[in-house]
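Below, each structure is written out as structure tokens.
Presented sequentially are two complexes of chain A, the first with chain B as partner and the second with chain C.
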Partner chain A sequence: MLTLAKQRKIRLLIYLSFLSVLLFLSFLSSLMIGSFPLSPIEVFENLINPEKNKTISTIIYNYRLPRALFALITGFSLGISGGVIQSLTRNPLADPYITGMASGAALGAAIAFLIPIISIYFIPFFAFLGGISSILLTIFLAKKAKAGPIGFILAGIAIGTFASALLIFIITLAQEKAHGIIYWIYGSFSTSKWSDIIITLPIVAFCSLFLFINARDLNILLLGEEHASQLGINAKRLWILMLLISSLCVSSCVAFCGIIGFIGLVAPHMIRLILSSDNRFVLPLGGLTGAFLLLLSDNIVKSSINPFGEMPISTITSIMGVPFFIYLLIKKGGRYEM
Partner chain B sequence: MRSIFALIIIALLLGTFNTAIIFAMNNNISNIDNSLTSINSKLNNLINEISSTKKELERFKSFYYPIIIKDALGRTITINSEPMRIVSCTPSITEMLFALNLSDRIVGVDKYSNYPKLVLELKEKGVITEVGGVTTLNPEKIAYLNPDLVLIDASLQKKFIPTLEGFGLTVIALEAPSIEEVINNIYITSKITLKLEEGEKLIDQIKSTIKEITFKTSKVPKQKVLFLVWLDPLWTTGNGTYANDIISIVGGINIFNDKNGWFITNPEEIISRNPDVIIFSSMTLPKSPEELINYIKNIPGFNEINAIKNNRVHILTGEAANAIERPGPRIIDATLLLAYIINPEIFNITIPNFISNYENIIRR
Partner chain C sequence: MKCEKCEIIVDGISVYFNSSKILENIKFEVKKGEMLGIIGPNGSGKTTLLKCIARSIIPKGRIIIFGKPIEEYTNNEYSKIVSALLPNWPNGFNMKVYEVVLMGCRNRTNSFWWEKEEDIKATEEFLKLLKVYHLHDRDFTTLSSGEQRRVLIAKSLVQRTDIILLDEPIAYLDLKYRIEIMEILKSLSKNNKIVIISAHEIDLASSYCDKIIVLNNGKIVAMGKPRDIINEKLIYEVYGINATIKWFENYPIIIPKRNIKKEELLCLN
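This part shows the complex of A and B:
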């Protein structure tokens, strides 16, 4: 008879090995899929020796590799931030979208995009400003409403809807440039470049490190502010700090790939339902799961090019995410703990 | 009885002449395209038809009207008398009316009609009234002008037909997605407006230009061409568009001719197809031409493309872009311009990377 801890350890190992195989396969196929398909052998040959076929290696190094990596980074940051926000708001339905964070970030980025003097490298900064200010506004509204976690969600929806409306307003005003923006608003990795990764990776690395370190305290925070202060944790400070950091994490990605729904909701829940709701597992594994799910979605998007370009990636993440989430919720609903 | 015999004999003679021309062209040009053959035979047929209509006209002048024609939407339309007040609803139709020497009969044009320059002058003087944008026509304004002929675009302005006909107007829908259709439109318009002389002259000019250019460019290997109309995202054309048609008759081959219509592509696809020439054509430019050329050159991986290596990126704007994007009588200009850009060495010419006013380039 195995103890509960041991059972969990085995399950963790199985899940990790399963996930790493899936991650490897989806990464390989993301290098294979594109305007013209490559065989795995061609991919390896040209990765090892870029001089072999200039055209193929140019395409792999300039387009497919940065695109795959950026999808992984974004999925990772969405997975982590989703888990953090769900814990902070003690609401299983919360994710970067419901809190208005993503819409705010997109709005900030769109404003920066339309002001011609702003260099492309400052767009994530504006996205961060938009994301932070919308989530601060949400916090402020929630406090005013005095309605607890539910009030927080409602305030988030209000702010998010308002930000989205402003976004569409701005797009409509800027007809000339709208081509580029509309495409980017609904989420796409088709324009991912190495420069995006260079800007985003350090931010995401720093943020996720901070969130991992504080995962244990986040567990305690879940028990309630009173409980946390009894254990010597400055609950209010930690709460706001974690919110800001997770917002920074999401905004830096949203700035380059647009709004992508559902990854932040599904990924951490998968870990909670399969393994444990301990944030020390939920955050890193949720991040990895998010990375895999997003890369998989992007592969599907890439293999479905039509005359109007690619479909928005949110289409796939929602179609994949919702039924899966419903299934897990019904099947394992009894063991759902938060 | 004698006149009928004469007509038949003339028709037979013209038919033989027609076949002889096609034969001669086939002998001259070894690897002639199917599309080109069909364009040429279309041209010859139309010239024949115009000539016979002219003959007919001389004999039966008083019986010419009413004429019955089929428009681009397949509607049968009866023209009862010579149209004297015409409204043109697209820039290319306006250009065609001017080329057919009908400028004194135009009473209304759309907002974007700006060529030839005379249109703008006449608009300013109030001789010609503006009747709205191409997709935002104002049917009431058109009806107020009391025209006896309204020429519209079959795909973009189809929705206005019921309203216009409700005002009792004669509406003819034209469509020009290909070179053949452009020529056909010239034929139809010259036929219903009794400008047969002008129509014949114009079609003949088009014919000789196409013949000369295709003959010269058929001797060298085809250049692979990328034709862009937008950069972010990259919009290009496949088969079945006017731009694709012209590229294919001037010794070029559209790298996307395995696809259809206008569509969004991506850098990967372009790199793998490796064009020899890149043409970006846009009425207005989002940035300065130098910035745009730099932008295209700096798209990651484009340094591997022949067009970039050999500095063959061309930005067309203003009149140059209009000539290529408007399927009308400026087909002659567009053919010459694209021929010079795609095969400059044949014509001994150095083509600038940025072209707006093209007159000095094609009228050498």
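This part shows the complex of A and C:
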């Protein structure tokens, strides 16, 4: 008979290979789909040899590849951070969007964008300030209100809505076009550039690494401070550190693609339903699942383009995520304590 | 009255909560290889006392373990010495039974990703020892209270510490598992560990523990070998009921007299 540890590793490998295939397919189709459709063969030929057809390689290298890669990075960071925030707040309904973190980050980034002297490299930092202060405010309000997990969600929605309203207010005052507002509030990858990736990738890589390393202790944090201390963990320090890092991870992406809802909710829960609640599975696989879901959503956005422009990406992620949210609300809403 | 050989010295601790006394001037010592039982009525401070030793509550007074006051240990050092099964088990994210028990290994190893081979082996051994191996793939929250209790005992034991604190380990358990778990704890204490339990089952606690502490209203009212202290007078003082006690070697059978008055039951009509 197989040992339990081996059984777990085998399940992990099966899911991982399944997910890799899906990721590969969605990444490939992301390079194919657009206003100028390409066949898989054209994509491969021009990826390997950019000189073959100048027009096609320009489309791939300047537009589709950065867009697909940035969607991948964002989905990954949303998936991981969603899992972390759910564990830290012990609330299955939490995610970067619902806790107001994403809206706060977008507000911070938008302010930084509108101040001309701030270099693009510092935008993630402002987004981080916005994101962390929003979620801390949400947690504070929820504790004050003593209304349990649902109170936490309500506080998050209040903070998120307020941040979004401020965001629209500021962008309108700055006389940005309406397109800018939609871009910030509902997210879009249509303007993703290589420079965004160069700034975001190192931050997301560092944050994910930190969160992975602490995944095992995050499991124990789920049991509460008392149990965590008995197992030798400095619970308070770890809690605040993980909150900071996960918020940095999300904010750096939100700064360049706007607010994207529900990926951080759906992705980690899919792993919990399919595999296990162990954060050593939930975080990396939830990240990959998030990347896949976001690429898929972006593909749908790209293939439904019309002459007036694209629809925002949150349209698709909300259509996928809200039914899932309702399912969790009904099934688990009252069962967890803050 | 310091005893050199004693591994745990509880030196006059008191706990107050909003000016009401929970524990008052508790003093006792425990030697290696001893199994200590704490009994007493509901609200007498049994759990609070265990929580003080587990460092969940910081009392007034001193507790010295292995010659060092407990507040001088770091969390990590302390987790290698003391394991505790306390109430308030949180309703986590439907962890699987195996994962819950595996968490107990966190204190032994600082490897961050997979557990070491010996820890995985120990986890499976303890799952088998507490007869919960067949449940390993079930969600913890879907188990019955008795099964949950056994899983949590496994999680405490897999920490493999020298001092084991268990708050009502045999509550919710059926006759068979009560005996089995008491036997496991007894053999642990014979292996030079210190086992401290709280229990409502005076009979089982008396027959297995080397020493009993009887708490009432936050004070120790009796302490010593079960055979010497458990008697009808004590039961009356502590629980306020008349009872007849018959001893079968180390095992007391306590037959309580009917206590509730007819007038008190009038509200049921």
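Here is the rule we go by: the second predicted complex is superposed on the first by the 286 of 338 C-alpha atoms of A that agree within 3 Å, B and C clash if a C-alpha of one lies under 4 Å from a C-alpha of the other, contacts with A are read in each partner's own complex, and residues count from 1 in each chain.
Note that a contact is a pair of C-beta atoms (placed from the backbone, for glycine too) under 8 Å apart; a residue touches a chain by one contact, two chains touch by 3 or more.
Nothing here was measured: the structure is a model prediction, and the numbers come from that model.
K.L.:
Touching A:Gly309 in the superposition: chain B (first), chain C (second), both, neither?
P.N.:
Only chain B; A:Gly309 stays clear of chain C.
K.L.:
Between chain B (first) and chain C (second), which, if any, makes contact with A:Asp278: first, second, both or neither?
P.N.:
second
K.L.:
State whether A:Ser30 touches chain B only (first), chain C only (second), both chains, or neither.
P.N.:
In the superposed model, A:Ser30 contacts neither chain B nor chain C.
K.L.:
State whether A:Leu231 touches chain B only (first), chain C only (second), both chains, or neither.
P.N.:
In the superposition, A:Leu231 touches chain C alone.
K.L.:
For A:Ser164, is the partner it touches chain B (first), chain C (second), both, or none of the two (neither)?
P.N.:
neither
K.L.:
A:Asn46 in the overlay: touching chain B, chain C, both, or neither? Say first, second, both or neither.
P.N.:
neither
K.L.:
On the A-aligned overlay, A:Ile213 touches which partner chain: chain B = first, chain C = second, or both, or neither?
P.N.:
Touch status of A:Ile213: second partner only.
K.L.:
By the touch definition at the top of the document, which applies to A:Ser134: first (chain B), second (chain C), both, or neither?
P.N.:
Neither chain B nor chain C is touched by A:Ser134.
K.L.:
Which one hits more chain A residues, chain B or chain C?
P.N.:
Ranking chain B and chain C by residues of chain A touched puts C first.
K.L.:
Thinking of the overlay built on chain A, is A:Thr89 touched by chain B (first), by chain C (second), by both, or by neither?
P.N.:
Touch partners of A:Thr89: none, neither chain B nor chain C.
K.L.:
Touching chain C in the complex: which residues of chain A?
P.N.:
Residue list for chain A touching chain C: 3-5, 8, 86-87, 90, 92, 213-217, 219-220, 222-224, 226-227, 229-234, 272, 276-278, 280, 335-337.
K.L.:
For the complex, give me every residue of chain A touching chain B.
P.N.:
So the residues of chain A touching chain B come out as 34-36, 54-55, 58-59, 61-64, 176-177, 179-180, 183, 190, 193-194, 305-309.
K.L.:
Along chain C, where are the residues that touch chain A in the complex?
P.N.:
Contacts found on chain C: 54-56, 75-80, 82-84, 86, 88-96, 98-99, 103-104, 106-107, 112-115, 120, 123-124, 136, 159.
K.L.:
In the complex formed with chain A, which residues of chain B make contact?
P.N.:
Against chain A, the touching part of chain B is residues 230, 232-233, 259-269, 271-272, 274, 286, 300-301, 304.
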